């Protein structure tokens, strides 16, 4: 259907796919990449085309006025235009990019990757831009220092392990008339937690458990014993059968074992769709951590014992992030 | 060389069943003149390991049980006034031994801890303004209860750094445990152990560690590893130059134990968890997890 | 909407304004006064906007400003299709652009415009100072472009250094292009710079005109000879012929002026050439005179484009000389031409024309001489003798009344060349001898170092030509009769104390300065010869000198060889620069092995030790087990134990064994699996 709605994509998508395939052959994925001529592309920018237009106009001026100095200027600019791409290229070639790591993020937020850029030669590098288009990305210079770490962020929408698209590194140094760029795949993978969505206050004591952990509470639906009837007991709990058998009036005592620890349980959120459930659990997790209450997580596949602290939180959030996607 | 090593390992292995790797690590630690920290629950055989090591290598052995009311003098020794001679006599503390088992070091107060650690670092003891050299070789095996246990004073990072390695013995394998049940009392077996080498041989082995070759390729790998710990966002604190040196020394000893005159990347990988585990810390989990990730991420071959 | 990254930082703005200022500075004097002020105001406004004290002008205000500026331009310039309004328009667009200088795009547009404005400077002047200034502008504009890149680049030293480096690297190619690129003629006629006042010999002559020229020492012509050089007394550079006299002013008149019926032969060979070869061959470089008159020795022929010959042996250009112009001339002095066509009736009548009345005393005096039966030559001699006896040559002749000839001949008896020439021709015509005034330059200063003749404005001169039956037109210089040194040595010696008296400082009296000025003129001449007048003809000559013979093949070689060499250099550098730091050989070989194994389906993980990898290969591809083990062993020995023998073994293993190991058969197995 989407093809019908947007017929242009019908044409561009295969093209884009072919481009991606070609790129992945030409510039394979790796955590550490050295830029060289086989990865870099270079073309004039719009300003560069404007520069060409000025050269044309100057040539016309020189020709019509038969003015050799105007010619000289024209040719000088032509030569500069020829020399420029070499400089632009030199600004990027030989740079080494290395993925240092990624920080996890919440869906709907920006995920960040730390990347180290270093040069092995002495040439100063300037105005290098790293980004995931269409994001603005980050700019950096390598002048005095030979290596620099930068953080680049990308918006993430879906939870789970998200493979980042190819990173774009580009430079328009020195005059902005040429753009040298490369699309590199640093094998950046983000761990994206679900988007926290408020699900009300923390679900204290809401979990009934089969185990023997926790404290016993009266009430509930597990029959535990008969006890002598006392006035005030609910008439519905009177053991009428026994009474009928000619014994005293007993009252049935019900109890349930309740875990007093805070369990963020999948089952608590029955009736909502998977993603919302995960989002709500995520929200609770953050709240509990903020309030300093030990909490555990129970998913259909995983259970994490209650605890507190950053590493525990990370474990919980990771479990939420990696919960199997619906339908997959 | 290889014969001696395997004999030592099998001797100790007869008392400490199924812990060949830890024994070798302890041996490597001793050969590279470092100190060993064993972190484990009580009853896992820490004492046995220390005692057996001392026995097999023919070294004097003392054991100190650290408690919270211990004073530095209880370890270092104390000068006592002798009324007959009218002089002070120095009574050597347990630190004056070749193998010292400092049991449950984290139960004592920081003051006592640091007294021992200073002695470890400088191989000498200063009491009452007099400096006394410790016997050589001097090898401390400290044990530490897991930090979660109550009544402990955690060793600060700067003190942890004094230990070349930190290992944990862990539960024995099923076969080893079964053999344990069936076998005789380890203590009796311990008494049966004979020294396998003399002091001179040990010294020679220690000096041989320094002669193990390290190629450029290997140093590059080491450099990459260290750099990665410093750059990676996972690690809050990277390996210090001392940590890097310790790693290299331990790897050399490990290579020597395996009868090799040069260090291989697997030597580094083998000692890395015990050498770097207690030196690294960060957001991405505890030191062991960091080390595991480190090994996975850093390429052995230069790119 | 511009994103934050696209907004212009402070350094960018300052650089743009600096570039604009440098490009505009020489134009300021030429523009109406309000234009620079408007520009300065726009800059001020934009800086205020940057400081946050003001907003960028709104739409209405901008429209108002545009309207005002267009009105201002319309008021200042009547003619739109000309150079000055064009420059003014560019300046004004700068100004307007400054008011909406927001994004990087605006900055680029502004700076690209600046290049163009800098170039228009050359249309006005092509002298060395202007060229240097133009270069400076280009350096600054390029630096401003570089500074747009950001904080580090925007530092003045860095930006200028970058700009200089780029331009220096561009220079060799620029020179090549300059020599090689073909010059097409003008594609369409363009407006010329008509702003400056006229100098040089004008197309009419009234008493006092040449005195004005005598006060200027600007160069007018530079003439270099190929072969013999005419002696000083023969150096009459003819430019104009005045045939019509109205009692006061001499003009060319109908039939002489090419714009007014005068015949011009534009194509060479249209007029028959003399039988013998030319005596003089030379090239004239003429300064801009804004008139079409060219200057040459008598009976000139020129093959240069745009140059034509007139009936009366002059050269004219098809369009006025707005900038320096060079032309090649061959000259046949009159005495080499033995065959003379008789003077046509129309010509005779034209050269005998006199006003109906006026200057009666002169007419009478001549009538007397004729009555005594003297011929044309005797009358001329009489007249010249009279000049010689009674007249003085002065740069400051007294003013003359209505009968100017009478007053000069019989009253003041003091005059400058135009007085002598005018009165002589008048007298000869009155005596019935066809005569005409010729104007141009006489003499010139020989510049030894560069071997050329420098003719200055004060060498402007007027003389006469009379028609003698059987001998044709003969040159007569009445000034030579009164002051022969004027012709021989130039004005300076003839006028003595009066020479250049009005100039602020008598610099011409300081010997060193005179020499320096000559040196400077030599440099200028060189400059003009090699750069400014480098046209398609000269291009051909240069190429011929370089290549011997201009064939397409050699041209292609000339162009392709440096290009190919430069390209090869760049390619080599690109290849070199992109290469990684060299890996130790063992690791490089092992990587190769890993790549092949990966192709075979077992990819090595980053942290996997070689031994583990070998074991995994053995488990997954048992066929490769032995090989992998051998390679691994060799690698470990080579890389970590430092055995050089192991390295060659590794090399051997990878060269032979692997090639056969991953054989087609094996590949089939891979595909199958």
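By letter and in written order, the chains are A, B and C; residue numbering begins at 1 in each of them.
The rule we apply is simple: a contact is a pair of C-beta atoms (placed from the backbone, for glycine too) under 8 Å apart; a residue touches a chain by one contact, two chains touch by 3 or more.
Here the structure is a predicted model, which means the values were calculated and not measured.
Enquirer: For the pairs B-C and A-B, output the one whose chains share more C-beta pairs in contact.
Expert: When the contacts at B-C and A-B are counted, B-C has more.
Enquirer: When the mean CA coordinate of each chain is compared with the mean CA coordinate of the whole protein, which chain is closest?
Expert: A
Enquirer: Rounded to the nearest whole Å, what is the centre-to-centre distance of subunit A and subunit C, using the mean of the C-alpha atoms as each centre?
Expert: 62
Enquirer: For subunit B and subunit C, what's the span in angstrom between their mean Cα positions?
Expert: That gives a centre separation of 86 Å.
Enquirer: From the C-alpha centre of subunit A to that of subunit B, how far is it in Å?
Expert: Going by mean C-alpha positions, subunit A sits 42 Å from subunit B.
Enquirer: So which bits of subunit A are touching at least two other chains?
Expert: 31, 34
Enquirer: Can you list every residue of subunit C that touches 2 or more other chains, as numbers and ranges?
Expert: 580, 606
Enquirer: Using the touch definition from the top, which residues of subunit B touch two or more other chains?
Expert: 297, 299, 303
Enquirer: Considering the complex alone, what residue numbers of subunit A touch subunit B?
Expert: 30-32, 34, 100-103, 114, 116, 149, 310-311, 314
Enquirer: Which residues, counting only subunit B, touch subunit A once they are in their complex?
Expert: On the subunit B side, the touching residues are 231-234, 283, 285-286, 297, 299, 303.
Enquirer: For subunit B, which residues are in contact with subunit C within the complex?
Expert: Interface residues on the subunit B side: 213, 215-218, 220, 261-266, 269, 294-303.
Enquirer: What does subunit A use to touch subunit C in their complex?
Expert: 31, 34-38, 40, 46-47, 50-51, 53-54, 57-58, 60-80, 82-84, 86-87, 89-90, 93-94, 120-121, 126-127, 136, 139, 141, 143, 172-177
Enquirer: Show me the residue ranges of subunit C that touch subunit A in the complex, using the header's touch definition.
Expert: Those residues of subunit C that touch subunit A are 3-5, 104-105, 108-109, 112, 115-116, 118-120, 122-123, 126, 130-131, 134, 138, 142, 145-146, 148-153, 162, 166-167, 169-174, 177-178, 181, 183-188, 190, 323, 531-535, 570, 573-575, 577-581, 606.
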